[in-house]
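Handing you this structure, nothing more for now.
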Amino acid sequence: MESRPEKLPRPGVPALDEILGRAFPVLDDGLVRVVDYMGDDAAIVQAARVSYGSGTKKTSDDRSLIRYLLRHRHTTPFEMCSLKLHVRVPMDAWRQWIRHRTASINEYSTRYSVAINSAQQTAGDQWRTQAVDNKQGSGSFLDRDTGTILSASEKAHQDSTRKLYQDRIDQGVAREQARKDLPLCTYTEAYWKMDLHNLLHFLALRMDSHAQKEIRDYATVIGQEIVARWVPMTWEAFHDYRFGAMYFSRIESGIIAAIGKGEAEEANTLAKAAGWLKPARNGGLVPNRERLEFSEKLRQLNLQIPWEQ
Amino acid sequence: MESRPEKLPRPGVPALDEILGRAFPVLDDGLVRVVDYMGDDAAIVQAARVSYGSGTKKTSDDRSLIRYLLRHRHTTPFEMCSLKLHVRVPMDAWRQWIRHRTASINEYSTRYSVAINSAQQTAGDQWRTQAVDNKQGSGSFLDRDTGTILSASEKAHQDSTRKLYQDRIDQGVAREQARKDLPLCTYTEAYWKMDLHNLLHFLALRMDSHAQKEIRDYATVIGQEIVARWVPMTWEAFHDYRFGAMYFSRIESGIIAAIGKGEAEEANTLAKAAGWLKPARNGGLVPNRERLEFSEKLRQLNLQIPWEQ
Amino acid sequence: MESRPEKLPRPGVPALDEILGRAFPVLDDGLVRVVDYMGDDAAIVQAARVSYGSGTKKTSDDRSLIRYLLRHRHTTPFEMCSLKLHVRVPMDAWRQWIRHRTASINEYSTRYSVAINSAQQTAGDQWRTQAVDNKQGSGSFLDRDTGTILSASEKAHQDSTRKLYQDRIDQGVAREQARKDLPLCTYTEAYWKMDLHNLLHFLALRMDSHAQKEIRDYATVIGQEIVARWVPMTWEAFHDYRFGAMYFSRIESGIIAAIGKGEAEEANTLAKAAGWLKPARNGGLVPNRERLEFSEKLRQLNLQIPWEQ
Amino acid sequence: MESRPEKLPRPGVPALDEILGRAFPVLDDGLVRVVDYMGDDAAIVQAARVSYGSGTKKTSDDRSLIRYLLRHRHTTPFEMCSLKLHVRVPMDAWRQWIRHRTASINEYSTRYSVAINSAQQTAGDQWRTQAVDNKQGSGSFLDRDTGTILSASEKAHQDSTRKLYQDRIDQGVAREQARKDLPLCTYTEAYWKMDLHNLLHFLALRMDSHAQKEIRDYATVIGQEIVARWVPMTWEAFHDYRFGAMYFSRIESGIIAAIGKGEAEEANTLAKAAGWLKPARNGGLVPNRERLEFSEKLRQLNLQIPWEQ
């Protein structure tokens, strides 16, 4: 490795230092703020370059190297950066959050202390319908009149639940037991630390349109307000090569290649071999999820769909 | 390594095969059952012996080797065994459970499906008081009259909460949002898989008297009904060398050694140097948690406490 | 969850049981064999279905569900399966192998025992040239005459190294120190256990044409001889949706969509905005790795390359 | 949680900033230096206090809390700190090092670049004998005359190995293949990052007298030169409660308690029940490793050994 000075300044990111401790509000009573961090775009480049040793002549600039690393899933250099947040979040969103097992976490304990006196309240225009095409997601918003009624009954319910909790505490019930009937959306607080590689994975999943809106709101703030300031080159590359990426399977690539050379028949043969074009009794095709998903991708790419000619 | 036959039977544990799929009830509506497992006591021994190669002449029998491994914290051979459970557990206990990050988990989704219509109900004689000496724990039980009232109001509350949830579902609210006010003790179900090394760590923490009673009930069933059948030698060694173990710090060992040779004065000098014997204004000693905890250990061992002479 | 019988048979895979313990040879003196395993294709499906609860009506068959999971990177159900191998492998390939941190490992110790008396020998027709286009890889084979000389000097060198090692041992040097000059390609042995999700990641990286040939040989045997027998549906889906997959970035997808609708000019505008089409002094384009890699992908798909019109 | 200012300075440790980038030499040509870090003693305390919420009134000072956490193995707050080192280390010591799976690592690649032209050389007075009582360790030093001869032959061997490597490179052999016969003690370089909880575990194992001297030298420098400056309270507590700790099993504690109240007979009964006092044919006791290890601990504590009366 190249010779190095014997004394180094500690790496820092002024744009992030600027917002250390600033609370970014999320939902009705939640927040996210940066407590500390380690590393920057340059730290990623430094870690990647140790692999190449003297064999690489720094031909590529930092931005190109970061894009190369993310494009080719060379993930370890991104682990050299870490972010530590203080978050305030409803427990049901937190349940999804802590399924990411690579984080370090210290959370407010409702065994030690009385539960935080706040539960997430849904405004009258924020009640969502069950999605029709997505078994796990939300669709549009309910009408405001219905929503207003739902919000009122939620408020009454949360108040009575808190009263139940407080009564138990007053009667001397142990905190760890008294809490059992609190709403899933009761707020909690925590310190949460994660390295950048895993954080990008977290953001890719939780900023996605399939994520529940509540955690998506948090992920979006973390991404756009924090990661964008902290490692701007990585953030740009993440958007180009990860968040907006499309995947094509071996079969799908083969079909596109046939389409590319104008061989619709060959494309259909490949699809048939994959079992995607089984004729239905009524003359159309038996529904097939792989075919439908791929057709949707072809449509996005303005490529012709061979079996819809 | 020694020569081996070209065909091996798959390792199995008849005593565990016997209970595959059997539901062990926990709490009022919970359960634990074994779905599958990998390895046995012999697999641990096999893995440990590869390290020793031909240099070790199998002088020690399997039981002694397992005890040796656990005594000296040689933990990797225990990772060669894995256990997969199906559990049904209240979400508040589950929250503690999934903080163990080394597990593989698939859980029932209340985004995909209507929430399980069951929340943990506390019987009238099961309400616990806040512990006086332990900020996070429970003490004794509340009197039954108070408990009966608490149980009745819990029942009424859980019923009204379920009704609120069902109303939302009926109005078309998305399941992922409708659930937000369900009680923390709503039951969930999951498959949970963990290797034996991490499982022993889980059991050491969750069978401990400081763990919350609800998760302790689960951990006790997993330990006594399942692990005991699966890897009996490991289970015995765990009890001897891990679960019931006492630790002494460098300072504490030094003081015991002074007590051992009858040098109470030397023992007091060491304790003083550690800052444990600061005189209080009233003539006694300033309270010091390290000293108090150590005194308690000395009492358990029937050793004299130098500063209480 | 659906009701279940109280006694379940242990899941097993006859096709894999058939080869338990069978040594698959790799390289000149290496091997891989299955010692034990947990789970099968059905276990993946079972774990995935718990998430869906009663909300899913088993409309999709097992194969479609496994393909869906792999296509959409729903990785946790694959963690429910584990594989335990016994391997014999040169230490330099092993160094790459153990960088996968999610494995459980017990390895032969050259501190406890005399080092295995075998180092990987390269045959005269197996010496590879440095790749010209890939800084880390190999190209074609050296001519056999040169190779024969290289093999002879390797043999002589390995013999003299072993003699040096044996002399040290004979003189009473500690094994942990005596080994220090043994060749990096000295064979070692280990038990190695990994869950299927992480194993697929390992195989995707190590069966790849960019992996070093030695570890690729091991990965190929593990994939084709073992995983293919163990979880055939997953193995098929892995080939279709992971191993042979192509990725397109946000920018690349946008350019393809422009090509798809026949708008070469729009495609060029997008590429220009990405900084890919900087004119070189001599009239061509400044070399740009992102553009070159994408051009290569377009060529594979038989799509026209807008900037090469 | 308490209210907080909206702008926080970034935590830093001046004593560690002082040595950022300074190379601490290890072995004949190795080094360790700090590249970056995150957190300090205060960060550990901050993370621990979030669990206690408002229920704890900061009665305990930071030092006492850190000692409490380490004494009771509350390990998660220590994960809030991370350390990133640049190391230069022989590959055989590195092999032991990277078995710690919780680190983030980027290493010099001998596929990309020509191998570092340095292998660890052992001085004439540094050759160690095989330990007699420890199958895996070293004993005393060999006499200098023998050592001088061993060092000379090592030097000659390393020179010829390097020549062999260079010849291969000159002939056009791929770097990834040419390296295969380099000595295990060839130097490599890497960035290595780990959180403090896992680092303490690493240090407890690798500073231990049973660790191989080479890695022990590295661990000692990391501990004494770096961690001691970085988190002085944690370092002190680590020494008191972890590194110098003694463990007693359930059986051992029971025997000490019997000794404590002067009941040697009861102590012997307990030992007999544990199977430790089987009479040998010749009149003594059958050797028993658990008994021998415990006797050694009793001796250290100046407590009488009941079966040696």
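By letter and in written order, the chains are A, B, C and D; residue numbering begins at 1 in each of them.
Please note the rule applied: a contact is a pair of C-beta atoms (placed from the backbone, for glycine too) under 8 Å apart; a residue touches a chain by one contact, two chains touch by 3 or more.
Treat the numbers as computed from the prediction; the structure is a model and nothing was measured.
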item	value
Same-interface partner of A-D, chosen from the options B-C, C-D or A-C, over half of the pairs matching	B-C
Between A-B and B-D, the pair with more C-beta contacts	A-B
Distance between chain centroids, defined by C-alpha means - chain A, chain B (Å)	31
Rounded Å distance, chain B centre to chain D centre (Cα mean)	27
Set of chain A residues in contact with two or more other chains	52, 55-56, 105, 109, 112, 135
Of all residues in chain B, those that touch chain D in their complex	52, 55-56, 60, 64, 67-68, 71, 135, 239-241, 243-251, 253, 256-261, 289-290, 293, 300-303
Interfacial residue positions of chain B with respect to chain C in the complex	1, 4-12, 17, 20-23, 35-39, 43, 46-48, 50-56, 76-77, 79-80, 82, 84, 104-109, 112-114, 116, 189-191, 193, 195
Touch list for chain B against partner chain A, complex	90-92, 95, 98-99, 101-102, 105, 109, 111-112, 119-120, 122, 127-131, 135-139, 142, 146, 150, 153-154, 157-158, 160-161, 164, 167-168, 171-177, 179-186, 212
